[in-house]
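Heads up, there are several structures right after this.
Two complexes, one shared chain (chain A), two partners (chain B, chain C).
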Partner chain A sequence: MPEGILCNKTPIKTEEQLKLTLADKGGKQYYEELNNLDVDSDKLWASIQATMKSRTKTWLEICAHCGLCAESCFLYQVNGRVPEQVPSYKIQSTLGVMVKKKGKVDNAFMQMCMETAWAKCTCCNRCGMYCPHGIDMGVMFSYLRGLLYSQGFVPWELKIGAGMHRVYRAQMDVTTEDWVETCEWMAEENEEEWPGLEIPIDKEDADIMYTCNAREPKHYPEDVAEAAILFHVAGENWTVPSEGWEQTSLSMFAGDWECCKDNVLNVYSAIERLRPKRAIGTECGHAHRATVIEGPYWAGREDGQPPVPYIHYVEWLAEALRTGKLKIDPAKRIKEPVTLQDSCNYVRNQGLKNVTREILSYIVEPGYFVEMSPSKEHNYCCGGGGGFNGIGMYRAQRNMALRKKMEQILATGCKLVIAPCHNCWDAIRDLEEEYKIGIRWSFLKPLVIGMLDVPEHLRPKDEGEDE
Partner chain B sequence: MFKKILLATSGAPSTFGAARVAFDMGKRYGAEVLVLNVMGVPTKAYSQVVNDVRTGEEVEVDEEYRAWVEEELKNTFEKQIESVEYSRIILTTGLPHREILRAARENDADLIVMGASSGDSSVYRKGYPGSTLQRVAKAARCPVMTVHRETASYWGGFGNIVFATDFSKQAESAFKFALATARELDTDLTILHALDISGKVLDQNEIEDRIIAARERIRTAYDLDGFKNCDVEVWEGVPYVEIVKMARERSADLIVMAHHSHELDPEKARIGSTMEQVILRAGCPVVSVSKPDKV
Partner chain C sequence: MYDFLTGPVLWATFLISFGGLIVRAVLYVRGLDWRLDRVAYRPNLKYGIRGGLRSIVAFLIPFKARLWQTRPGFTLIFFAFHIGLLVTPIFLEAHNVMLKQAFGFSLPAMPTGLADGLAWVCLVGGLFLALRRIAFPEVRIITNFYDYLLLVISVLPFATGLIARYELGAYDFWLCAHILSGEIWLICLPFTKLSHVILFFLSRMQLGMDYGIKRGGMKGTDMAW
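Right after this comes the complex of A and B.
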């Protein structure tokens, strides 16, 4: 049973193994080893029998092969509408066959499944809305990813991503010390401009516990500062946990369920430790999915809910604007055509479509907001979801996938795209890099800060003198 | 005055002027020169791929690549590295302004020295408004020196420092730095206030009155603490033009200015405009000071 040194059925559990895998440039050795990786059919079949939900089984059986789902899949649309991109075909030819053959499949088959699961489906769940039976490939591909991961058939970057989550409990190598230090740094960097600004760490019984995405402390700490500024101006009693602050889950993209559970429990235990009234996550779609939508199930919570109400950033922002905790200076509103990227994860899957539009009603001059077509729960995936953005081997396919979003944006005629999701933000940035259509894109936080009507007592005392 | 000088460089010729000044100062003050190179800007989600700051090419940063970059830097600055007692190369990936600020903080740097375009490759600019310089100058705890071109890079044989004030709070810190430097290097100090009359219609009397008032203000606001070689000037016009003119007239070897801005959006942070215009046009290094911590 040739298990590779890097490519094998064992998740990355140590920093040493993580570094070793990282050092394999582009996953060269990893993918070579993948070619020799054996399939443990008995284990695969046992695991299918033990974990496959009856819903999935039913879905596989009742699919009428009517093809109504075809047009709903953006990947089908941008890839020349070939039959291989029809959602039902994609799942039947992979998970369907695997089940039929009772796990007796070979390496080549598993590699085909791997490519299908990570490069032909972003788990955007759009097809499920169009199938008369409600068959959702996003759900099934997520399940298939778990099976593939357990057999070691997973793209190199995601093996590493899940490894990061196992070793650091964060998607990047940000330790507790790094995180705490970054919070202190950001408070310090902005205290002059925002007198009294704090980033309270581990404050008990606060109204809000804030969680984020590890790339914020790693590369974009401004985002942490921006969250702090907005809570500060809104007068919120808030805190961040020193442990359990990372809300995202590359392990979910990878199909590493054990790690998903561990990570979400870590966040929940921060909630239990600090007893906030509620938790608020950053502007990230999949982070929300991981901690709020799927998390409770991973954690085995019977009520299917996180320990306290856990809302997405856009929900808090809309509330703060609605209640007047944050006030917008009408003169500073956006006065150019602007469009909005609806994230599948909290719009299609959690119905927050009106919340983001409510925010826009405050920050965009009436008449300037242009909907994408289709929009809201019918919106297409940005093209980079489900881990697609970060997988080097599938870059060409990912770039192709961006074309749908490009068409949609071009059709709006807007040069500014609001993208309150890290993954969407990345995809749109890459879209501009790849296709150069001349657009700008932004999270909500910096836009809102730029147009705040800041109460007198929160402004810096000495404005200096500008003659 | 300086124990640690952080030089931000891509290794490209546009930063040679900055490097020269940083090393000259390192030698003069016995300071450690930290050579910071931000190898790449992460752009591919969580993947290991970054865009090379200089070429825009996609590269994967691994040990081999690091070693190569380090070797390149060592070769590029070989003579200068030998000329100072302490120096160290720091390699990292990330967004240039953020990594420069991070390194300054981690190492408790006393001065950041950079080229006017350090980090501003096309790769980096995309999607991140505002220049690296504006962002660094705004948030740094220590003075930030910018050297726009190599001819503007001679630190030594000093005659004159021009300190341009707009009477802001930040200018007080800039003044402290200018005075300390003038003392240390035993040079003349010119305190200049450029009375901004661009776009304003003022009659000559009013201008005269304002000039007198500004002179008075400089005298009361800035305590020279016994320093003799100082003169006060108030010139009217467009501030950056007047500052550059003064620097030329005095053959200044250094211009010191305050950097302040309450605008969060760096694209709109127009204080950048005076400072950046001065940097572009000046024939000498320009130091901007925005915080009182390290002066």
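Right after this comes the complex of A and C.
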């Protein structure tokens, strides 16, 4: 059987197919079909020839086999330093062999590649910083994922994830109506406490267009409310688009490049429709990577920039605190040892290492912030990046991967971890669940709201009178 | 034999070696693709060049990049090996005599003792690089025959050169062996992994441009290599 009903080379394009695949609990049938999936070697080789240019070719060729990348990889470190976890080995034995064999590889080989690409690499890009030749194996694994996806060799959850993005243009089944309703509901829900609170939808020519992660409207709508509250208190002229509000990209984790392009164009068309001065994304790492860092290239924008300046939430927050739009009540600052998780997707991949620390300088009592070691662009992946968090089949490997972050957090002695990234936040939550080290974790929004010095006119009437 | 090896063969060698390396460099740059690499090289060239140069310099200077700091022993051997490999042939007195005869000019020659020392450094360094391939599991798993062959090709001119210099055997034979092995090394440069003599710079430049343009440079933060 060359192609399965659920596991095949065709991306999920319809709601019907999506539901059918979702109904296959745990991907039981999907993975059985995977065992019989044929490799289209001609297509694979044609694809490699068309997309593997001098950068990647050179990376594969000039790797000096020096092994210096080994220690840079947290998965190598936590898995007993077995040589099979050396980044160079991982990429040479998968993509390297695939290229050498001109795509003439079999099902077993592709399944090995699949496991390596999604369970032995989170595409954190750390190895690229430690290779003397500047070989970024994270970039190559991302490329390999695309090749594997095009052949149908992708974990069940990511096939579905990319399907969600194709069908709903969101990582979850949140429709335009659901989203708009959630915004209205959240505005109403919090109006009493925050008089005048609004979530303006499709307002044209606003200063800010806000975009988020579908999980927020779906699972924690209070996050949408918190964003609204902070914009409201800061006095921003802002809006959310009814279409093009979702900026995440499980399709990027899956390697579904066609879908990545479609989704980012959807966000950019919202920008073109509403003409905001700039766009701001939520506290998510990969969403920022997809929409702001890689997105312009998928969309074919030659300058590598989104249509308007598009910043991460931490950049806006730092700016709002710096300019005094948001004021912190010094008495309410964090007065316990607290550490910060640097997200690979916007720290190593866009250098946003100083703004988060600037934010902490406002919200943490001096002396209580403890850096992880290493930190900033040298920080390790949370353990759940690149889609790792969501793949049931690789749960044991993912839990092992969390150990590096656990060691780092334990070494700081902190019980509170600030994680301004959905993936990191999830991984740290799971690490507490798995290893019970007694920590708490938080996004920035709820922390900041809890310590705001709210101007008189924005407070609820009765509370204002009481004071 | 000597005249033949230092005449037409040497000319052909230089042509193939340096010509080949230039071709490799040109092909590399032409093969860069802003869309596939996802780096807007051209519109942001200034940021790119800045990032690229930072990336090269960080790895060119011993102990500058974090990698070099984390592995001091390796760093010492590695740099000594590469410095010996490059400096010795260029500033060796005997080579410069030939240069003078052919073109009427020469580079400053280094003292014989220093040249001997550097040649030994290359041999011992090469030996260490081979031994670590055997000793460390993380290196052994990615090592193949080709890696040893390239090490041999790279140190052979030094081994034969020292034998000739100490006149340990038939001088003429070892001199010719030395010249031949040097020529083999030169010819191998463009066709093997030794092409990193040029591709190191280009590959580092590329990743540096990536960081200088897309991954932080344009946000005003420099990568701390």
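The rule is short, and it goes like this: the second predicted complex is superposed on the first by the 462 of 467 C-alpha atoms of A that agree within 3 Å, B and C clash if a C-alpha of one lies under 4 Å from a C-alpha of the other, contacts with A are read in each partner's own complex, and residues count from 1 in each chain.
Keep this in mind: contacts are C-beta pairs under 8 Å (C-beta built on N, C-alpha and C of every residue); 3 or more make two chains touch, one makes a residue touch a chain.
All figures in this text were calculated on a predicted structure; none of them were measured in a lab.
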Discussion item. Let me test your reading of the model: by the given contact rule, A:423 touches which partner, first (chain B), second (chain C), both or neither?
Written reply: first
Discussion item. If we overlay the two complexes on their shared chain A, which of chain B and chain C does A:132 touch? Say first, second, both or neither.
Written reply: second
Worksheet item: What is the contact status of A:215 with respect to chain B (first) and chain C (second): first, second, both, or neither?
Response: first
Practice prompt. Determine, under the contact definition given at the top, whether A:455 touches first (chain B), second (chain C), both, or neither.
Written response: neither
Worksheet item: Of the partners chain B and chain C, which touch A:195 in the superposed model: first, second, both, neither?
Response: neither
Discussion item. As a test of reading the superposition: which chain, chain B or chain C, is in touch with more residues of chain A?
Written reply: C
Practice prompt. Go through the superposed model and pick first if A:330 touches only chain B, second if only chain C, both, or neither.
Written response: neither
Discussion item. After overlaying the two complexes on chain A, where does the chain B footprint on chain A coincide with the chain C footprint?
Written reply: none
Response to the item:
Residue positions on chain C within touch of chain A in the complex are 27-40, 42-44, 55, 59, 66-67, 70-71, 74, 133, 136-144, 147, 193, 195-196, 199-200, 202-204, 206-208, 210-211, 213-217, 219-225
Discussion item. So in the complex, the part of chain B that touches chain A is made up of which residues?
Written reply: 42-49, 60, 62-64, 94-95, 98, 101-102, 105, 126-127, 139, 166-171, 195-196, 260, 262, 264-265, 268, 291
Worksheet item: Across the complex, what residues on chain A touch chain B?
Response: 22-23, 25-26, 157, 160-161, 171-172, 185, 189, 192-193, 215, 218-222, 229, 250, 384, 389-392, 423, 426, 429-430, 432-433, 440-441, 446, 449-450, 460, 462-467
Fill in: Residue numbers on chain A that touch chain C, as the complex places them
51, 53-55, 57-59, 61-68, 70-72, 76, 81-84, 86, 88-89, 92, 128-136, 293-294, 296-297, 300, 302-305, 348-354, 376-378
